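Going by the order they are written in, the chains are A, B, C and D; count residues from 1 in each one.
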């Protein structure tokens, strides 16, 4: 399985980097082999004491010369590739703001029309073949955005704004994760990029723009009330309800996501119940407080309500 | 066995001949680097700022008084160094005392300088960098005053031997460093915010 | 053995010892103990990572483990052990009776020891620093690392850098001013050159990290804003300062190892080193270039394009001086008459491991490749190839090589060869798979990973390799203990080497040389130095002409007491800023008494005094 | 002996118990010590203080619509239990009740932090400055009263 491999490329930039890697690798391999052969020969000669110093200066000088030429070639190749990475047509780019938090990703789809903006977390859907301009910011510490199938990493630094433009040319699901050590749950700060055909993407985005569906039955209604009046709404938001906390992932279409806790566990009712009642059992140190005090039916109602937020 | 007799060699020498001089140059390299980096950090913070300085710049009076004192102190310091190199204990004692008094005066003025910076270390990054630069230089100033004090007392009480003159001469070199290192710091903290 | 000299130069009392060999051996043993301790932490981390979703070690402890592992390996092992080898060998190699500033040397050791004990002490209490050896703010800043954990890290830096800076000064002064007459700069052994170059790098690199860590602790304790963007500071300022130190750091671990290589290869090739002038120039070039590539640790942060290209070029071109040295060693071997012994084996591993690590270094020096490889296990592999292949293997070689000089006994060849092969194979098993893990997307500093990532097999193999390395370490300790007790007597010069440390007995007497030789004049020795008093010969910098005699200080306990006072001040200042004020008083007292001349010593010096 | 006690005391302050054990008794005393002597808990309290918009009224301690919290005046007492009740039950003239909106642990962490604002807890446990604009000196530099 190659879930996060830098050679399983899906975008032009990752592809250029992979090409550069193979060129560099080939040259390095040859140099490595040459040094080993030379060392081996030297040991063989030296052991017998038959190595003559004749021409040794010339040999050393030419080896240094060849090394220099190879290095200069690699510098040129590297700089050229670096230039190429920046040359991606971003004229009609989809603009998304990505904000790093300990330990989740806040994903805000931008649009000139405020009513078309929406927010999700940890999972980014993008249209295939269209450039995406990510604006990267951090709320607390330094994080690093990295989806190897698409592009190299870029740091999210508090107090600074960075942009990363990329494009997926193949539909698929691409995993990434935070690459800059950000504290106790750095290991569990994954994200997913879903590259969807343009139409599918539009349908998905349209769905995300809608407010959350109202509760459909009694338990869901109870869950809704608990959410809105209890501890949840202090940090979480659900569009279309009074819950508008901005400190934790927006849960408007929570049920459309595949994982809980930034890729920590799959999003199913059982895992969700565990997560709500005792998140520290799954991801110790997370800022979500434990809700062991919830009664069993209350927990079930919350799970049912959140499960309805397609 | 053929031998190389070294018993006729002197038992101490001044300047770069002396081992202590090399130790001192190492120290100056370290401290000079540290001051340069603190200055670089100050300029880096500046380069990130929209408005500089975010507070009023340090008041010129006490800072300038101190620059004057530092520059004037070169004279007794130089005379102390000459006296040390001549091995003249009486002159050396005199100029060491003058240097020490000037050093104490500079420390007192430095304390007043800190009150006239118009920024606290916890006001903002400008204040932090400013205090760090001044603080670092003050540490050197204090070290040198302490060093001078120890030497002065030793010159009066003994036990003395010839190579203490080397120590005194090297103390003077460190004093030069403390003075000359201050000039660029003074320029970037007191004048650049006013001119740039 | 000269009893008069022995009486003059021997140490009196454990805490007062100032002989450079005593201090150096303590330094070496202590830093080796820290190496073992930090290695055990690595083994624990490897056990945690051996299988996916392991819960052997929780994230909080794991973060402390990798932080202390990295910090200890860099600050408590790699740099100090290299300096310690220099402290032992440089005076011997240049034909001096002592290191310059021997009391400062003792002080430096105690400060280093107390700092290291503090770091492992807080880890044992489960309150170790947990933000990585690089401790980037704002993560390491006051808001996101509450408590004192990171303050211990910041003060550890102050401890170890203070110790390292003092040693650097001693080594420069010793190498420049205390060489035996006739040992011109052009005759100075390459190891001494390497230590001089390293020491100069220390002088200019370490103030950066001391400044950075002082600013960090000030941010944490007294509310300064160096790294607070909201008040005009910048988190990236730390990165610049840290790596301005951090990259030269790698070279000041690596350059002494080059010195080991250049000592051991000619000895076992039975010929002088090939291309001495080129070797010296290459060392100096490495030092200069080493300061020009710190930004390559920050390619993923946002920086101007042109700057990045410059640092790519500098990072790649630093390979050239190393290449020159490698080619010269190959030429030395080629034209020599090689004798295979354990030291040479360890040194030959360099050609396999370091060269591979250097080549992966060229890969990560390229901006585009680094954007993918940065902060992945590829870099973990790279840095261990460079540091273990480039420094630790040569260091083991150096220990096998100089152990007879240190103790007067040979180490076991058989155990040595076993250790070498287990270490070498274990190393490849542990670290080679990390290259593929990195390319497979495994990021650094993660305490666990989901099974679905497919990283399980390579991680398991790597853990097996780590345990092999641990086994080789055990074998080394067994070999040292056994050889120390009943190894074959070594004699003065068991390897037939030609540097001066082999010209005295093994182990050397406290005064190093009964008769100091004059180089370039066969059989001529120095006379006229006092024997009843610690007199040494100071020579000129370039030509090593006799310049003056200098009486050295006697043993004293004040360096030890001053180090205690410094420790109280450093640790106290973690808890209250006022400790900087009241903690300075005992330091001032201690240092004053340390320097205050004693009457009997002065009388002794006056008797020998000759004015210039 | 003293240093040993000091070190052990120090460790308590540094441990990070993400998952707090259930209180052993109903009395608030263990809650108080557990949070007030743990730097991580106080830091969490500081986080909640900003997340739950306490700063909206109390600012960063200097006060505004609500009373200042970094001075010596306490309308309802400076004891942990009183502060806890203020947070959970609310008080007349604008202090809302947070009962049901925050968990017990969060409330006690807030109590510990509020007390740190006026120097009522040990300086080596109190938080340093945060990454943001700060008009007042950090909590770890406020004099212990």
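Convention: a residue touches a chain if its C-beta (ideal position, glycine included) is under 8 Å from a C-beta of that chain, and two chains touch if they have at least 3 such contacts.
Small disclaimer: the values here were computed from a predicted structure and weren't measured.
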By mean Cα position, the chain sitting nearest the middle: C
A-C or B-D - the one linked by more C-beta pairs in contact: A-C
Gap in Å, rounded to a whole number, between the CA centres of chain D and chain B: 46
Chain A and chain D, separation of their C-alpha mean positions in angstrom: 35
Cα-centroid distance, chain B relative to chain C, in whole angstrom: 31
Contacts with two or more other chains, residues of chain B listed in rising order: 122
Per-residue overlap in chain C, given as positions that touch at least 2 other chains: 60, 138, 143-144, 219, 222-223, 225, 228-231, 234
Interface hub residues of chain A, defined as touching at least two other chains: 140, 158, 184, 284-285
Chain pairs in mutual contact under the definition given at the outset: A-C, A-D, B-C, B-D, C-D
For the chain C and chain A complex, residues of the former touching the latter: 58-60, 63, 130-132, 136, 138-139, 143-144, 229-230, 234-236, 269, 274-275, 278, 300-302, 305, 308-309, 312-313, 316-317, 319-320, 323-324, 326-328, 330-331, 333-338, 340, 348, 351-352, 355-356, 359-360, 362-363, 365-376, 439-450, 452-454
Interfacial residue positions of chain A with respect to chain D in the complex: 140, 158, 184, 229-231, 233-235, 247, 278, 280-281, 284-287, 289-291, 293
Chain C to chain B touching residues, read off their complex: 100-101, 165, 168-170, 172-173, 176-178, 181, 203-204, 206-208, 210-211, 214-215, 218-219, 222-226, 228, 231-234, 237, 240-241, 244, 518, 521, 523-529, 537-538, 540-541, 546-551, 588, 592, 595-599, 602-603, 605-606, 608-612
In the complex with chain C, residue positions of chain A that touch it: 1-7, 14, 16-17, 20-21, 24-25, 28, 31-32, 35-36, 38-39, 41-43, 45-47, 49, 51-53, 56-57, 59-60, 63-64, 67-68, 71, 74-75, 77-79, 81-83, 85-86, 102, 140-142, 144, 146, 148, 151-155, 157-160, 162, 175, 177-187, 263, 284-285
Contact footprint of chain C on chain D as seen in their complex: 7-8, 10-11, 13-16, 18, 39-40, 42-43, 46, 123-125, 127-134, 137-138, 140-141
